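The structure under discussion is supplied below as structure tokens; questions concerning it will follow.
Each chain carries a letter (A, B and C) given by its place in the written order, and its residues are counted from 1.
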């Protein structure tokens, strides 16, 4: 194939059997830009932009034509050769050569500096990319844990000493995914130790097994047919809630065989502690659930029960005894 | 170079020499991967793909084909369960089948102090042993007949994982949601009279089968006796009620909890049912 | 004396054949000169393997096939599956659950692709265990293949994690509760357990955030890891070579009966050192190695 590169030596051009090529020139680029501006100007603003484009095209076109016809006018166009010859190594009679001074170990050479800079900058870039991304992946699960209060309706709705399996929505914005179940009973009233007044007492026991979080079931007949009490369905201030009457002899877990008594104490199986409970408050005569807390054991039943309360811990974690030191720091809870 | 006494070849040198021999031998007498080995691979891959497609087809036609009875899930399980309900009190959670061995391990360690063995201890140790296997066994010998420890360990591992998987598959807690479907069978098998029906309904729902077995259903835990023929002990209704109210008063040292919270009327119904359970016919 | 080789003029059909051959070979040569890939593939295809390899040694590539089935069916399912735990206001069901029902019941051949993906997962795990058992039986985890064994165990663990994350995606009761237990299991690890569990859940409780991050893990993180490890695994197999069955007597790697007998007679614990080099083996015609 013939070479398409113009010979750098124009005076030998005629001696070769090559196609006649014009001398190299960059002005066509400007000419092309001028043409484009003309065309664009026709769309946007013919008067102003096309005129500018035409001027550019004319100027660069003139320069291009001048270059292309250079050899007709016998002018020589000096062109840099495409391949540079490397300077001879060790040319000692070159007055411009700089003699390099030998480098001692204490000096930081250019290569050492470049190495360090590359690694350092690379680490910095890595950090800049990873830390925000990793933070985004990890932090949202830990921050912004807020307490959601659940309204369960007026306390008169709950007959005395009747257990119910309560299902309710904890966070209305999340909807069904935040549905929870608890074993709930109205214990009547108990004397508040601080004020000596009678305050309502409820047992509200979370149904999540404290072994690994499976949903425990009440060991006992449930529903209207077997208990003679109706199911209560209501739409409270925070969402729908359902209360199914049940007569439990205890609660059992279908996963690995944990059993609990009616107060939530563990009676059998691998659960490390009693079932968690919901704290509650009475707001304008309505039962409002607060957050959950963990329980090591409950002594006594109903309104007189002594509940040994602890901060909420995850399933499977010990909250007292020596094993509690396996879980010294809990992630943020509500 | 002064004469250096020839050392015995070190273990690493021997391994390297043997590997070099292997490489040379394969080069001299091996066959090209394509087409010889690749043909076997292709056949096996075809079998695998056909198996996967076959299972998918069987699943569809057993679970939800047109004209199929939706109450029976079929041998490969239902198309899909009901949507996730975090507030359920009647669901029995299970993992995918290849986790059954770990699942059953959790059921083995029932004492709370030992639970960590099932959750963290045994699986972690097993995984570490598996990873470190090439460093535990550094002998070059590969013939099974010359590796007794390895073969015994392999058989023990395979058998125990198989047993754990099978036990995990058949495990059930016998809680109310699982047990109630057996009631018609019990009534038929034991030929229970009409006045025992309220009792059998209670019995299935009160969690008795968590510890007792009855007509082949239930978990035999904590030494709880089988109740299929409990009437043959002629305990009488009064004793049954007394026992249900306070088990230790009838059976000293019994771990059975009191069922007095069910109410005396329900205890009476249970007692009638128990006294009617004369065994299957 | 110069002799000129007498070349017969090639016939027309021979010329045609030559031209066709050149045309066929040309693209490969073009590619090979610019990338070297063709040479690599040729090496992979035509490398020598022991002459007496067993059918059991197809389990590894069978596992790879199962993984490819999973990858392809997974990509297709991803076009129709929606990883959202929100409730569809029209039907009252979770959107993710509905998209699965949609795939299975309403889309053409959706039942087949979903079925293949679901059962392909089980087959993939079974094949990995069988392959691991075969490698153990053959002693193919010993020098120099220790690294390959470790990589293989890591692939197995990642495969099971892939199954665990994928199990949540249909968002039905089985999926939800199996995930509750699985995450809480991780949460019981000492010190960092509760933090790991909360990270996996994306909060204190399982929610829509859990579903989306499990989807990301299942689609991107774990498959990326598995693909990287499988690539390393295959590279090591090609580089280190395939073993022959341990009971083979004359192919590479087998211990010959006579050397074994001699060893036992002489009371040595290590095999008798054989003369080094391939020539020694070739020089014994009919002798088994």
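Following the convention adopted for this analysis, a residue touches a chain if its C-beta (ideal position, glycine included) is under 8 Å from a C-beta of that chain, and two chains touch if they have at least 3 such contacts.
Computed from a predicted structure; not experimentally measured.
S.K.: Pick the chain whose C-alpha centre of mass, unweighted, sits closest to the average of all protein C-alpha coordinates shown.
M.R.: Closest to the centre of all protein C-alpha atoms: chain C.
S.K.: Quick check: more C-beta contact pairs at A-C or at A-B?
M.R.: Looking at contacts between chains, A-B has the larger number.
S.K.: At what distance in angstrom does the C-alpha mean of chain C lie from that of chain B?
M.R.: The computed centroid separation for chain B versus chain C comes out at 29 Å.
S.K.: In whole angstrom, what separates the CA-based centres of chain A and chain C?
M.R.: So the centroids are 31 Å from each other.
S.K.: What is the distance, in whole Å, between the centres of chain A and chain B, each centre taken as the mean of its C-alpha atoms?
M.R.: 37
S.K.: Multi-chain contacts in chain A: which residues touch at least two other chains?
M.R.: Counting only residues that touch two or more other chains, chain A contributes 176-178, 212, 214-215, 255, 316.
S.K.: Where in chain C do residues touch at least two different other chains?
M.R.: Answer for chain C, listing residues that touch two or more other chains: 85, 94, 177, 180-181, 185, 188, 190, 205-206.
S.K.: Which chain B residues touch at least two other chains?
M.R.: In chain B, the residues touching two or more other chains are 83-86, 88, 91, 93, 106, 115, 119.
S.K.: Which residues of chain C touch chain B in their complex?
M.R.: 44-51, 53, 55, 57-59, 61-62, 65-66, 69, 85, 93-94, 97, 100-101, 104-105, 111-112, 114-116, 118-123, 125-127, 133, 136-146, 149-150, 153-154, 157, 160, 163-164, 167, 170-178, 180-182, 185, 188-190, 205-206, 241-243, 246-247, 251-253, 255, 270-271, 273-274, 276-278, 281-282, 289
S.K.: Mind listing the chain B positions that touch chain C in their complex?
M.R.: 9, 14-15, 17-34, 36-38, 40-41, 43-45, 47-49, 51-53, 55-57, 59-60, 64, 79-86, 88, 91, 93-99, 106, 115-116, 119-120, 127, 130-131, 133-135, 137-144, 147, 150, 154, 158
S.K.: For a test of understanding, state which residues of chain C touch chain A in their complex under the given definition.
M.R.: 85-87, 94, 177, 180-181, 184-185, 187-188, 190-191, 193-195, 197-199, 201-209, 213
S.K.: In the complex of these two chains, what residues of chain A are touching chain C?
M.R.: 137-138, 140-142, 145, 174-178, 212-215, 255, 313-317, 326-331, 333-334
S.K.: Mind listing the chain A positions that touch chain B in their complex?
M.R.: 165, 167-168, 176-181, 207, 211-212, 214-222, 226, 247-250, 252-257, 259, 261-262, 266-272, 316, 323
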